[in-house]
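Right after this note come the structures.
Two complexes are shown next, each including subunit A; its partner changes from subunit B in the first to subunit C in the second.
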Partner chain A sequence: MSSTRSGRRRRTARALWFFPVPALALYLFFFVYPVLQAVQYSLTDWDGYSADYADVGLRNFTRLATGDDTFANAVGNNLKLTVTVVLAQTALGLLLALWLVRTTRASTLLRAVFFLPTVLSSVSVAFVWRFVYDPDGGLLNSVLRAVGLDSLQSVYLGNPDTAVFWLALTQVWFHAGQMMVVFIAGLQAIPKELYEAAELDGAGRFARFRYVTWPLVAPATAIVVAYTTVQSFKAFDLVLGLSGNPPNPALDILSTRIYTTFSNNQFGYAAAQSLVFMALIALVTRVQRRAIGRATR
Partner chain B sequence: MNRTSRTVKLTRPLFMAVAACVVVLPLLVVVFGTFKTLPELFDAPLAPPSSPTLDNYRAAVEDGGLGAAFLNSAIVTAGAVLLTLAVASLAAFFCARMPGRVGWAVFGVLVAGLAVPAQAAIVPQYVLFDRLGLTDSLLGLVLVDTVTTLPTAVFILGGFLRTVPDELYEAAELDGASPLRAFRSLALPLIRPALATTGIFLFVMDWNDLLYPLLFVRSQENRTLPLALLDFQGEFLTRYPLLFAGVVIASAPVVVVYVLLQRQFVAGLTAGAVRG
Partner chain C sequence: MNRSLDRRSAFRLFGAAGVGLGLAACAGPGGGSSGASGGASPSALATSGPVKGTVSFAHWRAEDKAVFADLIKAFAKKYPDAGVEQDIAPSADYQSTALRRIQGSKTGDVFTAFRGAQFEQMVKARVYAPLTGTELLDRYQKNLIGPGAQGGTQYGLPYQLVFNMPLANTDALDKAGHTSAPKDWDGFLQLLDDLAAKGYTPIAWPGGDSANAGQLLNPMVMNNAPTDDAFARIESGDYKVTDDWFLTTLEQYAQLRPYFQERATGSSTDATAQLFASGRAGLLATGSFQMASVRALGAKFPFDLVAPVTTTAAKAKYEGVFNTTFILGVNTATEVQPAAHAFLEFLSDPEHAGAYANGTGQHLTVEGVEYTNADLKAVEPWLTRKTLLAPRFQFLDLDIRTAVENATVAVVGGKKPAQAAEEAQRVIDQKRS
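What follows is the complex of A and B.
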């Protein structure tokens, strides 16, 4: 009796082994294998179509670390973008969440409004903001003129020193509402009793935030910071939509740079760039995780 | 009432009003703009259209080729969402049901892709798909979208499937149910909310994807919406009303689903963010 039962179990288990096969097959063949191949390509000077190529060792990596101004420019822009977007989007997301965490009719409506941009495609958002930033009669300059603040008018993306910060503003407009939702979930998980206890101890608004909200919302903060970072590294579509293809150098970030290198048929070099890109994201994410752990303790 | 809380009481509605305007006004300008001529848009960007015209939509579809692109996007998105949900839920079921290390190992391998940005693999992926004749094809886009979103889907579905108590499966096994039966008639109905959440996340990702169409698609008739839209900026440069019509056509399906299924939608996009 018990032997037939375990026999049936074993048969059952055997059928189960087929379940992950389609996913693993697709994933290993179309994703893992190419990622590993990127390592191999990065050590060559392959142009993407010639039958032969030379092994160049680590020369692609030394080139992008020392002798490539366009890559250094993209790293610089990307870091500026990431720092600005992470700070602004985290602060704004938390502020909106704090003010909309209680469910009323007004806050439900406002949450829906702030979340709306997130559902749009990056190219759509980019086109909206092309008009907002258009120096000749675009939305921002028209509004500024209408309220008599002509002196604040600007060329926005046309100024290479500040273009990347206007890109950051667009990115924050795009995704702050999504981060607000993550923060609201985090805030709702904080037990109300803690606030009541703090109030009984005479804690004011600021003290309650500092000693209850901030440490307890830390898991949500960690998610928001990590996700926002990755988003700002992948703002590829937004840059191409705002600035054209290939993008204006003032808006060139790592993902667009890799794509441009690829489009110029420097396959080996583009593969090296993408590996550095991957390592850089991993590094920044790790540094952040440590910093958040320390800041919220 | 002390002074700080009175200031806060005033700042909050003011801040909310300004923030809501910053979100809504550009979108309103875009929607109104689709019914305007270019001079009218520049004259009064915030005003409703004085004599609404549908010319911009007509031009976007006829000159910009958005009709065909819309259809391509629908095919690619539907194919990729369904394929991803199917293979991801099967794999996640295995991971949840397989006792011990094997289940976790497979889960770990499939989820490891979350840490790898799509750009890391584009060069060899392009070469691989090109050799298989899959670059300039909708099937190629379905496959590449599937593997790109697979880690997130397995992650979300795996989390839900692990919450199904083992006793339920054991009872089904005692009744002689095969794993496929247990999967279809026990697991799938139980995780329907997770399938909806994941499906919406995949829908938004696949519908809005620009990277792979840009890499893979060469011919006009295989363009998806984001790619056709991107081509607008070269063709129509600053003909904003036309660009705006493109924006509305490309965004309409997602916005409609958002309005209809708001709760699942927010949950889906948030689950996509929380995975990391």
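What follows is the complex of A and C.
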């Protein structure tokens, strides 16, 4: 009897090994395989369509590191975009969440309004904002002209020094509502008793935020920051929609740079760029997680 | 026999799968081996056989979809066993992804290519079935289909004939006292001054749209460049953008600054087309391919074309710039080659080509087309003038083209020509290495 039971247990234990197989197979096929393939391509000069190619060793990576201003420009633009978007989107998302955390009719309506841009396609958003930024008949300059602030009119995306910040503004408008929802979920999970206790201890509004809200909303902040970072690195369609293909160098970010390289039929070089891109996202996300952990400790 | 797997076997299985996947991933790109030869030339187009099956027609002209749909209906009437489905991608996407889609799937039994880099790649990838020796070629103007040939073989048929030079509002030009196009640079600047004096924006230029900002560069270099293939020579390293002739061009761009609409480096093509269509601008610095869309925006005035002649009249070699593009061809891998050939033949018929030309506002390279569209008739004289094949499309590397064109945008934005040229040359040198 007992040997039958232990045999059944053994079989069950063996069977458990097969439960992760579907997920593992998908992971291997859709992630590991393409990454390995990218590594292989990155060591060649393959053009994307010929049977001919040559192994070039690490030359693609050396070129990336030392002899490609367009790639360095894209890295710079992307870092500016990421820092701006992460700071602005996180702050705005948290402010909106703090404002609208209580569920009332008005706050429900406002949450929907702020969330609305998120459901739009990025191409539609790009087209709308292209009109907003148009220096001649665009919305922003028209409004500035109408209220007599002509001197504040700008060329927006046409100014290479500031174009990336206008791109960041569009990205923040597009996704701040989504981040607000994540923060609201985080805020609603904080027990009210903690605020009551803090209040009894004489904590003011800022102290309650600093010592109760901020540490306890940290998991939501980590999600928002990580998600926003990845989003900023992949703002591909928004850039192409705003600037065309290939984009204006002032708006060229890593994802669009890789796309242009693919379009130029330099698959080997584009694969090397993609691997650096992946490593950069991993590095930035890691640094951010540590920074958030330290800030909320 | 115990058929169940133990933990060790499971690990072995996963390990084997992983190694297999790794080896498959490292098998090498392109389906060939390192250093494999290029393979045989593609076989010639099959022009006979039963015309049946559905032909996929890949192109980028969404604005021509309805006109093509009418032609396809007529084609299906003529060949009841055959049909055509349009597979349309936006032009920027088409430029980037068409080769992969046409080469890797059943899309594009009949397809098109942009002149220059895309056509070269498609020939190299052997997706064009050679047309040399077919009767199709006799239906086209021989002097205009060169961009569809390579190494003495005709692979594609450039269908559209466009003029990549500023579109003019002739009412505005008349009011400014100019009934004919200026013959030299001083005359061109005078025209712009006179347009400005009459309250017009002299030139509407989409400096914020990378696809169209560079169109103006075509006529700006047509007479400045030391040779007709100057841009190809920049790419090959024989010429530099820091050479005098290109610096002169950039300095002339700087001279044009006050004549563009305000803050032109941020303007989109749509906004500038609107500005021109509303009658507030004298010139639209894109090309004849925008006539139909400008008319659709409500333009009431007649059109002409005016190219900036950047030299003295005596030194000018060309009056304008043209381009032949939308290079039609048949896919070597198609299973419906006779039907694909029949569709190409159908489009090459002067009557059907005329329906396309007049319906879409495009001149064509097909022999004997009768233009009834008023705008096409207005610019028809340009078909026989001394024009240069648009140099912009000599660039085969997108990054080099962007660097050169961006130098012109930077100059209009206020950068010194020499500095803009040096920055562009640095990128060119890197891309060539």
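The rule is short, and it goes like this: the second predicted complex is superposed on the first by the 265 of 297 C-alpha atoms of A that agree within 3 Å, B and C clash if a C-alpha of one lies under 4 Å from a C-alpha of the other, contacts with A are read in each partner's own complex, and residues count from 1 in each chain.
Criterion: a contact is a pair of C-beta atoms (placed from the backbone, for glycine too) under 8 Å apart; a residue touches a chain by one contact, two chains touch by 3 or more.
Model, not experiment: these values are computed from the prediction.
Enquirer: Is A:Leu157 contacted by the first partner subunit B, the second partner subunit C, both or neither?
Expert: It touches subunit C, and subunit B stays clear.
Enquirer: Based on the superposed arrangement, let me know which partner A:Val147 touches: subunit B (first), subunit C (second), both, or neither?
Expert: After superposition on chain A, A:Val147 lies in contact with neither partner.
Enquirer: Of the two partner chains, subunit B (first) and subunit C (second), which one does A:Ser50 touch, if any: first, second, both, or neither?
Expert: Touch status of A:Ser50: second partner only.
Enquirer: Pick one for A:Pro135: touches subunit B only (first), subunit C only (second), both, or neither.
Expert: Second partner only, subunit C.
Enquirer: For A:Asn245 in the superposed arrangement: first (subunit B), second (subunit C), both or neither?
Expert: Both partners, subunit B and subunit C.
Enquirer: Report for A:Val113: first if it touches subunit B alone, second if subunit C alone, otherwise both or neither.
Expert: Touch status of A:Val113: first partner only.
Enquirer: Comparing subunit C with subunit B, which touches more residues belonging to subunit A?
Expert: Partner with more touched residues of subunit A: B.
Enquirer: In the overlaid three-chain picture, which partner chain does A:Leu200 touch, first (subunit B) or second (subunit C), both, or neither?
Expert: A:Leu200 contacts neither subunit B nor subunit C.
Enquirer: Once the structures are superposed on A, label A:Phe277 by its partner contacts, choosing first (subunit B), second (subunit C), both or neither.
Expert: Touch status of A:Phe277: first partner only.
Enquirer: For A:Tyr41 in the superposed arrangement: first (subunit B), second (subunit C), both or neither?
Expert: Both partners.
Enquirer: Hey, what residues of subunit A end up touching subunit B and subunit C alike?
Expert: 17, 24, 32-34, 37, 41, 48, 130-131, 134, 137, 240, 244-245, 259, 262, 267
Enquirer: Can you tell me which positions in subunit C touch subunit A when the two form their complex?
Expert: Going through subunit C, the ones touching subunit A are 4-7, 10, 14, 17-18, 21-22, 24-39, 92-93, 95-97, 99-100, 103, 117, 121, 124-125, 207-211, 261-268, 270-272, 274-275, 397-399, 402, 406, 409-410, 413, 426-427, 430-431, 433.
Enquirer: State the interface residues of subunit B toward subunit A in the complex, per the touch definition above.
Expert: Of all residues in subunit B, those touching subunit A are 4-5, 8, 12, 15-16, 19-20, 22-27, 29-30, 33, 42, 45, 86-88, 90-91, 93-95, 97-98, 106, 109-110, 113, 115-129, 143-144, 146-148, 150-151, 154, 173, 176, 178-180, 183, 204, 207-208, 210-211, 214-215, 225-226, 229-230, 232-234, 238, 240, 243-244, 246-247, 250-251, 254-255, 258, 262, 265-266, 269-270, 273-274, 276.
Enquirer: Looking at the complex, which residues from subunit A come into contact with subunit B?
Expert: Within the complex, subunit A contacts subunit B at residues 8-9, 12-13, 15-17, 19-20, 22-24, 26-27, 30-35, 37-38, 41, 48, 95-96, 99, 110, 112-124, 127-132, 134, 137, 139, 142, 173, 177-179, 181-182, 185, 204-205, 223-224, 226-227, 230, 233-234, 236-237, 240-241, 244-245, 254-255, 258-259, 262, 267, 270-271, 274-275, 277-278, 281-282.
Enquirer: Applying the document's contact rule, which stretches of subunit A touch subunit C when the two form their complex?
Expert: Within the complex, subunit A touches subunit C at residues 11, 14, 17-18, 24-25, 28-29, 32-34, 36-37, 39-41, 44, 46-55, 63, 67-70, 130-131, 133-138, 141, 153-160, 240, 243-249, 259-260, 262-265, 267-268.
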